[in-house]
């Protein structure tokens, strides 16, 4: 039974808390949030203890793992404290937004020897995983092109956007950058990015990019395209298309029901699942299970801090390209 | 170059006339219609001659084939005149609505030795044919169930309905009865039918059945379901589903374009192709070509008068079942 | 917190046990099975107590509800004991195979006043329910035809088949009979059924029908077709198509992933979800939740014993029709 | 009746010849090819005259239009001769590969006043056109992203590739560049291109790019992605996806039949239509009809030489970007 301390009760925290509570071999021991009321509320739902001070939880020997769900800029400090306390770490992406801090975290984690996991949940989506398995099984031979559509139904609130400029790369496409590396088992050598501000000033007052296209060239020569938007009115648009010498694999979108409605105006189906909570419900449960099993079996969790670091490097280069209008080379 | 005399310039006549005109090895020589004006109008479009008298055309040695597109009750007389004149015959279904007249026609045709073809056009639809080929190739092993949906977007005009009561069996499902025999290469031994009047009295004043379901049991034991309606508001609904020991084959509906529209309310595609003219455009061209090739190669056309007779027997039994509420045995 | 005694640890028992265990406001208190070892094994998984004697559990005041997962012929006796003990009853379909016993149960249940629920789980499937909601919202106007495909990937073991002849009606289509009544909010007045034995004698040694087609005529005049097979090699084939004056609604099949594979031979998708456990996972969880909420809110559970009785009457008539070859009238 | 002289009897010539022959208001008068035998063969099929000398046909007053189907480097000279002879011109894309020659042609055509049409056939595909109409009707509001997949099933023969390096831009994507301009009614201001050689040296001995990705930025700020390959083993992959503030439109691929095959391994459909001849059959017929109607109605044909010039400018810039690794600005 792995005891968890969940840090950060907002946003994705309640989803992870519920998954921990539902897992047969895990329990939610603590919820920590600077807003003690928020911590208490979430803790109460699952019979956990609450605190505004992480030390309270880290001191509890019943806590085997720390799950970090706070805003990105706070991750590094929590990682370091958890590592020093010898707790396994499950960290929401990105590890941090500053590559030097990520490097420092990596050193701290390595020195401490604690298991560390970056929660790139999409790797655990059943369809994406079936696509990955098919690539590895050689179904399309050598991959030649990858096309990813990664579109959110809405932009984050202005203060969230203000706290993380270029969130379209750091917060959204960072998932795709990880998927590209994982699906192709290869690294990009170059990136070119173009962005646009298409949303109204009312919802995007900081005029941060809300629309983006990226081209990646991989070591193998394979070409990759990713596009993103913060205004997919028809739902969370999450598609991956892998093209190779023997064919193509497509991970299609998903819908709440399989109902089809025919009338004189045509044939209608549901809009897409609304957002990540609905679309990736299975992947969130599976990534937690994989993390727990890795701890139980004393092996490294399936996504390392180096994966978080690589994805951030690509996001940094995307921003540099978008700002300069030039293709940016990526370190080997 | 096969010269055609087309009899019956209304309804399906213009479609067949255009196909004859477009065929490389055929020409439209005559259009015959009791309404001379109608004959002249259609003839003019294709540079053919027109008459209200079939004898004019039958006397023309340039006419090698007679294509019968008139109302069903007139078919038998025209068949007999064409057979006596030694012309190949292409006859719209049904051959006739009276089985004794069909038998008489069959004898006349056999005695005359002229090639004869019943225009069950659906056998020539590319997708239905691919389904038939797959059955014959053993893809689903022994066929066990067949499910056909055969729904029109509208009911015929009241006078047409009055002239052919139970048209849902004699005019519409007769196609399906032929398809069942052809797809399974088997004969039904029993039929059960149920009908309903669902349309408003305004469009169906004679209260002739406009909705129907049929169960057929085949010699092989395979079970068959057919359903029909004269009110498919979303277009001409034409599907066939063949289920067998190794799998299932489905001939799906078709649409004008492959466009898909996503918005906040869902995902929309076109309604189905509107009616038989649009849906079976390819099959009409192909059946004509098959007929012409059979004449050229001095072999029997691919659908015989016996096929027309069998389909009519099944339609008669469907009516008997619908009227009596009992399953009706079919002659071997 | 509603305490459950689950009776019958085999077949569907473990699925229901897991759903009870996962439900926030329920707990599995007892597992009862004549095979004590089986009871103990399932009980141990969920921290429940085990017994071979139902009385042990009925005597426990912590038990508020009895969930009956035993073979059909044992249902009536358990229902009566649970009713006398004043426990709410959640009963797998069919209530019983003998209509007089069902009637007796209905009287006992009514007299005892305990809440009673027949587990027609398909009513809780999200897509089927969306279809039902769309009918009720008038999207297709008056329903005119209903077409249900209800095909299992395999036949039950010979001893199971021997214990329930015509299981294709009593065990499988009984779900569809319930769906028809529920979807149309209407009762059938007549049924016609045809069956076949298509499976090899090795898997169907008793030559019980493994393939069936049924036509139902409803009070409203609407026509209904249901087809079933015990050999859908491509997975659990569960489709509903509702056709009406304003259009058509289709509840389509579902697949494990949305992956599509393109190669030179064509485009491939996954086979269907394998069987009811996979296909109706959500519906099993939802029916349990609906049952629990009804108990909590002191209202009648959403499917009454009368629904079980009606479905059985239709199944009885289907058997009578299949045996006699005649359409069978159903009591109003 | 518009008389055509078709120049260039190979490749796409026979398709256009057949469409001319089938058109009610057109006739194929001449086929001209340096290979007189080829000209005679194609001419004979349609009852036209043949010559190896264009002057023979240009001197014939029965010739109202010249259709140019020769290799690109010969287009300019033929355009100029046809313009001087006062014939309407239907020219396969590209107008020429040298922008200065295109400019010269444009001046000659303008001076002569003859109608001129560049055969960007995809604009006439029913589904692409429905997508264009939907954009213009405001269905997706302001377009924000366009994603085009434009993949051939095979590379051209080595000598053809040798004659036109970077054919992936000049011969294939030039269609997409035209579509982008047409769909968005906007011009690109910048292009970034990346290419790869993925095919075996046996089929691509000149190591000309056979795989490419392009990003275009439009005047409006909209972002466009195009990808191409000469190895789509599953057929001719032609998709367009237009994303905007109110939704998304997708022009999907098309298949020879709508048959679906279910077996234990999954669900299969046909591969895509094989290549442009099959996929764009309707668009070739429609572009011819549009050209003829424009001549008949004395209005400018629907695609001007300026459209050909713009597409070539974009292709030139794509090559410059692919060679330099830099984004290239496009002239306003």
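By letter and in written order, the chains are A, B, C and D; residue numbering begins at 1 in each of them.
Definition applied: a contact is a pair of C-beta atoms (placed from the backbone, for glycine too) under 8 Å apart; a residue touches a chain by one contact, two chains touch by 3 or more.
All values derive from a computational prediction rather than experimental measurement.
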Farthest-lying chain, centroid of Cα atoms versus that of chain A: B
Pair joined by the larger number of C-beta contacts - A-D, B-D: A-D
Intercentroid distance (Cα basis), chain D paired with chain B, Å: 40
Centroid spacing, where centroids are CA-atom means, of chain C and chain D in whole angstrom: 58
Residues within chain C bordering two or more other chains: 233-234, 246-248, 262-264
Touch list for chain C against partner chain D, complex: 233-234, 255, 262-272
Residue ranges of chain C in contact with chain A within the complex: 22, 126-127, 130-131, 134, 139-140, 246-254, 256-264
Interface residues, chain C side, partner chain B - complex: 142, 144-145, 147, 149, 151, 190, 192, 194, 196-198, 211-213, 215, 217, 221-225, 227, 229, 231-234, 237, 243, 245-248, 325-327
